[in-house]
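These are the structures, in structure tokens.
Two complexes, one shared chain (chain A), two partners (chain B, chain C).
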Partner chain A sequence: MDSAFFFTYFLQFVISGITIGSIYAMVAVGFNIIYNVTEIINFAQGEFVMLGGLIMVIFYNKLDLPILIAFLMTVIVVAMIGLLIDQIVIKSIKQPTVLTLIIGTIATSILLKGAAMFIWGKNPYDLPAFSGREAINFFGAVIQPQALWVIGILVVVVGLLSFFFEKSIIGKAMRACSDNQDAALLVGISVKRMILLSFALSAAIGAVAGVIVTPIALMEYDRGAMLAVKGFAALILGGLGSFPGAVIGGLLLGLIEALVAGYISSGYKDAFALAVLLILLFVRPHGILGNPTVAKFKKF
Partner chain B sequence: MFHITIKSRIVFIAIVLICPWIFYLIPAVSHYLDILIFAGIYCLITIGLSLLMGYAGQISLGHAAFFGIGAYISGILTTKYGLNPWVCILIALFVSGFIAYCIGVPTLKLHGHYLAMGTLAFGIITFIIFNEEITYTGGPDGMGNIKELQLLGFPIDTNMKYYYLVWLTVVLALLFSVNLIQSRVGRALRAIHTSEVAASSMGVNVAGYKIQIFVFSAILASISGSFYAHYIKFLNPTSFDLFFSIKLLIMIVMGGMRSIWGAIIGAVIIAFLSFEWLGAFHEFETLAYGAILLLVTIFLPDGLVSLPGKFSEQINKYLSKIKA
Partner chain C sequence: MKKISFQTLFILALSLITMFSVVSCEKKTTQKLKIGAVFSVTGGASFLGDPEKKTAEMLVEQVNKAGGINGVQVELIVMDTEGDATKTNLAVKKLMTQDKVLAVVGPSTSGNSIAVIPLAEETMTPLVSCAASYKIVNNPDTNKPYKWVFKTPQSDSMAVEAIFTHLQSKKINKIAILSDTSGFGASGRAELQRLAKDYNMSIVADETYGPKDTDMTPQLTKIKKLNPQAIVNWSIGPTQVTVVRNWKDLKMDGIKFYQSHGFGSLKNVELAAGAAEGVYLPLGSVAIADILPENHPQKTVTRQYVNDYNAKYNEPLSSFGGHAHDALKMVFAAIGKAGADKAKIRDELEKISGFVGQHGIFNMSADDHNGLDKTAFNMLVVKDGKWAFAD
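And then the complex of A and B:
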């Protein structure tokens, strides 16, 4: 294999790795938002992505709404589902230990998956790419225009979120809840509302990820669990609770997966991505950017 | 609830011994024997898992993998290499125990619930291996021709014989677990569930006990898998997927996490649900299981075993009202 040929292949794998990694990064960011406010790992996080893709199919393919309106409606509907999960499931668990909360979110995840199978059936669905499917040539490698959308939207989402958490008063209040709930309550922050908001926000981000990835990877009812566990792997890779960590972890995981699929075995790409999670739990459970001392105080 | 009396043990053994004859004598429900064998196979896993969840306060989402390792090691070694099935069960048990130890040591030493995600990842990896290693496992098409077990030269070839093999193993596992719960280890485990910090400051080796229980539960799941392979004689990766791990979780939560009887009740009910009552509604199955798990978590956090207690409490309240 001559070197130019090798380089083109490598570049191609890197591009697809970054694209799918952006989705993992968004799932990981979603985990983080809920985790930081409530210390709950929401096992239904992947279902938000699945619902985002499939609800967009209804609004865009079936109801023929303009793409921007369909996109917004999808995000709003999924955010409402996030609100309902907090209101119906999380709040009604009487002994909210980490164990019961894990079981509650697992139950939610199966319920959403079962409902999706009931509504959409078992077939995968496609969405039209935002700006066509004509591939762009990039140093010999090809880029789907949709991949640029995915990466661009990740940048926008992360930008908006960091602005929200750093500058806005509500964002600051949410961060206060993550530092110390009792203290936050004492200074007059409604912790309940912040928890509610965290579920809505995290569901909305999942929905965005689902809408933008469907034109590349299709979407079907049972994709949630794998997305959730890979998002979690990305989260641990970057360090639980850290937003920059979640993004770096997601991109890194996507890269590992794409390179394994390209050079080793496409059947084992998921297994490798999850092996990364296991190895991390063994050697560096606080992640690449995480702090071991801080990690000791975490409940999960 | 933690103490299990000699009387209740004897009653349980009597039920196990008598039950199949009732089904055997009534032709309309004679196929229930088959379902009860599956229930027994599930029970072996849930007894171990309930120790892990209810007593050590840890969750595993990968027990389908240990179940699968037991099944595939038994299946592959007996059909492809002609080894003695009992030797294969032993090999499978050691392999599962060793893997559980390797996963348990790092994740259980961490504070919190990393075991849940570690076992989840492990379960999916194992499922992928079952699907990909076609030369050994047959991949998605499955593998067949697994022979029946023999005990001291007698083949275990009828459902009745298999029932007794499985359920007497369940009785042994139960008695062993009950002794474990009522010993020093059991008291340590309960202390861990209540407060890890308090337990460790009293000198309980928190991580050590959790690892022991996790390995024990994996070994039981592996034995269960071997029995499954020799009973059903055909293995397919979908029997060992993530959804089966979640089904095991549903069995325990439904029966009651804090009682070993809950593990048995849950396993029997879910076996009947999946083979008898929900079979016709395949489209609804996932939805139904999700709803069951959610409803139990919200309305009956201590599971079905807590119902008689709640019921008598209500009656007592009612009676005292009448007296007043």
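And then the complex of A and C:
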């Protein structure tokens, strides 16, 4: 095989890996937002992605709203669902420990999945790609225009979030809650409101991921769990709590899957991804970009 | 009344149980022909169980409206397995031992069906499965069918044979196979590998993907490198749509694409958004009732079923419902001849021949508890978003 061919194939694998990795990264970022404020892992994160895709189907395919408005409405509705989960599930748990809260999120994920099955049925749904389905030729490899949207939106989302958490006063307040809730309360930060906000924000990001992935891979009621598992793996790989870590973890996971499927064996791609995760956890238990000193002070 | 001793409780419970069993004994005297049905109405395999349940309920309603079987009304007891083998086992046990049904229709999936074979054999109750695997009707120890177990869907091997026969007619012998890692995909993959030799097919690539995967571009790129003449894909759910889209995106139209019968819903063609054009697949007659020629033996039964189903449920028919249709209709026929006697019903089921069903014409025998062959599949191609007979 000559080298031009080799390059083309390699490029194709990398593009596939980055596209799917971007989705994992967005799920991981969603996990991180809630984790950073509350120290819990919200296992309903995958369900936000599923809801994003399916609610967009209602707004765009059924109600015929313009794509941008449908997109915004979807994100708002899912963010509201995030708020409700915090209000109804998280707040009403009598003795909130990390464990009971996480179990609460698992229950929520099952509930949302069941509700989605009743509303949308069991069939998969499709959304039209944002700028057509005509594949673009890129040095011999092909890219779906939608894949560029996925990558682009990931960059924008991560950029905005970094700005929000580093520069804005609310973002800083949210980070303060994660460092020490009692101290944050003492300096006048409403911890409850920050937790509420974190649920809305991560639900919104999940919804964005759902809307942009549906034109590539369809969406059905039980897709959430798989995305949550992959996103969680990406999160651990990159380091719990770190946004750049979540992105690196997601992209790495996607790339490993695509390259292993392409060069070794598609049957073993998940096994390889998990093996890399395990090896990394032996070497760096706090993930690629996780901070071991900070991790010591966390409950989970 | 503060402390109830253990003995009192025990006696109380015992008397309650006896009371209920007396009641249920009395109930039995109201003569009705009880038939059990176990389908995966919810859960991962609900796309099978949901149309099967609806079909079964519709048929029982129809037969009762027409006066029942030989004047006796039919009672259908439907249980949901949720696709879970343990729940299936409990449901079938309850149907066979407590409800004492004359026959059980279902389960929907191969795994669940294989799990309840011992129950049917022990309680000596006929079971007509709606799942595909040939293992359901083949005891590996004797290489013969299990005595009490039948099944209506075509085996995977028949779909593979139909595809291979079509490939041969196109002078193709270099193929790539793709499958998902679900039970359906794995079983299809095994059959493709097993039968390839008989049809002189050389398999140059054998790739798999997860049932919830979102992208099969890497697998297809790898296949493209090896340059086969055709790809045979075996999966269910949204992945079989994604894989067709990826095939189109990678401009691999030069390589013919064959799907399994799992692709057999026009919904999939619609979801593929034009990418499914030119895809070949084997399908039972029920899915193509509209385009069957007038003189086709299954024309009348399939059209009637499709019309009844659409009228009652106001939704397009899934061909999977046809498996329940065939199973239940054969049970009706057997009860019609044998009466309310499980052993005789079993014998009548085994004697069924020339039975025109939704998925083929059944000829059961002591050696064949399925009764179909590869002619139960028609080779079709997607043309202008619809099924058409492949040439």
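Just so it is clear, the second predicted complex is superposed on the first by the 281 of 300 C-alpha atoms of A that agree within 3 Å, B and C clash if a C-alpha of one lies under 4 Å from a C-alpha of the other, contacts with A are read in each partner's own complex, and residues count from 1 in each chain.
Note that in this section contacts are C-beta pairs under 8 Å (C-beta built on N, C-alpha and C of every residue); 3 or more make two chains touch, one makes a residue touch a chain.
Keep in mind the model is a prediction, meaning the values are calculated, not measured.
By the touch criterion defined above, A:Leu63 reaches neither chain B nor chain C. In the superposition on chain A, A:Ala183 makes contact with neither chain B nor chain C. When the two complexes are overlaid on their common chain A, residue A:Ile103 makes contact with chain B while staying clear of chain C.
By the touch criterion defined above, A:Thr19 reaches chain C but does not reach chain B. Once the two complexes are overlaid on the shared chain, A:Leu72 sits clear of chain B and of chain C alike. Legend: residue contacts after superposition of the two complexes on their common chain; A:Leu160 is shown touching neither chain B nor chain C.
Legend: residue contacts after superposition of the two complexes on their common chain; A:Met80 is shown touching neither chain B nor chain C. Contacts of A:Leu218 after superposition on the shared chain: chain C is touched, whereas chain B is not.
When the two structures are aligned on the shared chain, A:Asn123 is found in touch with chain C, with no touch to chain B. Counting contacts by the rule stated earlier, residues 117, 226, 267, 270 of chain A appear in both its interface with chain B and its interface with chain C. Considering their complex, residues 41, 89, 92-95, 98-100, 102-104, 106-115, 117-118, 225-226, 229, 232-233, 236, 265, 267-268, 270-271, 274-275, 277-278, 281-283, 285, 296, 298-300 of chain A touch chain B.
Within the complex formed with chain A, the residues of chain C that make contact are 42, 44, 46-47, 50, 181, 207-210, 212-215, 217-219, 221-222, 225, 237-238, 241-242, 245, 249-251, 267, 271, 273-274. Contact residues on chain A toward chain C in their complex (touch as defined above): 1, 5, 9, 12-13, 15-17, 19-20, 23, 117, 122-124, 126, 128, 133, 135, 142, 144, 213, 216-218, 220, 222-223, 226, 257-259, 261-263, 266-267, 270. Of all residues in chain B, only 53, 57, 59, 61, 103, 106-107, 110-114, 116-118, 120-122, 124-125, 128-129, 131-132, 242, 246, 249, 253, 283-291, 293-294, 297-298, 301 touch chain A in the complex they form.
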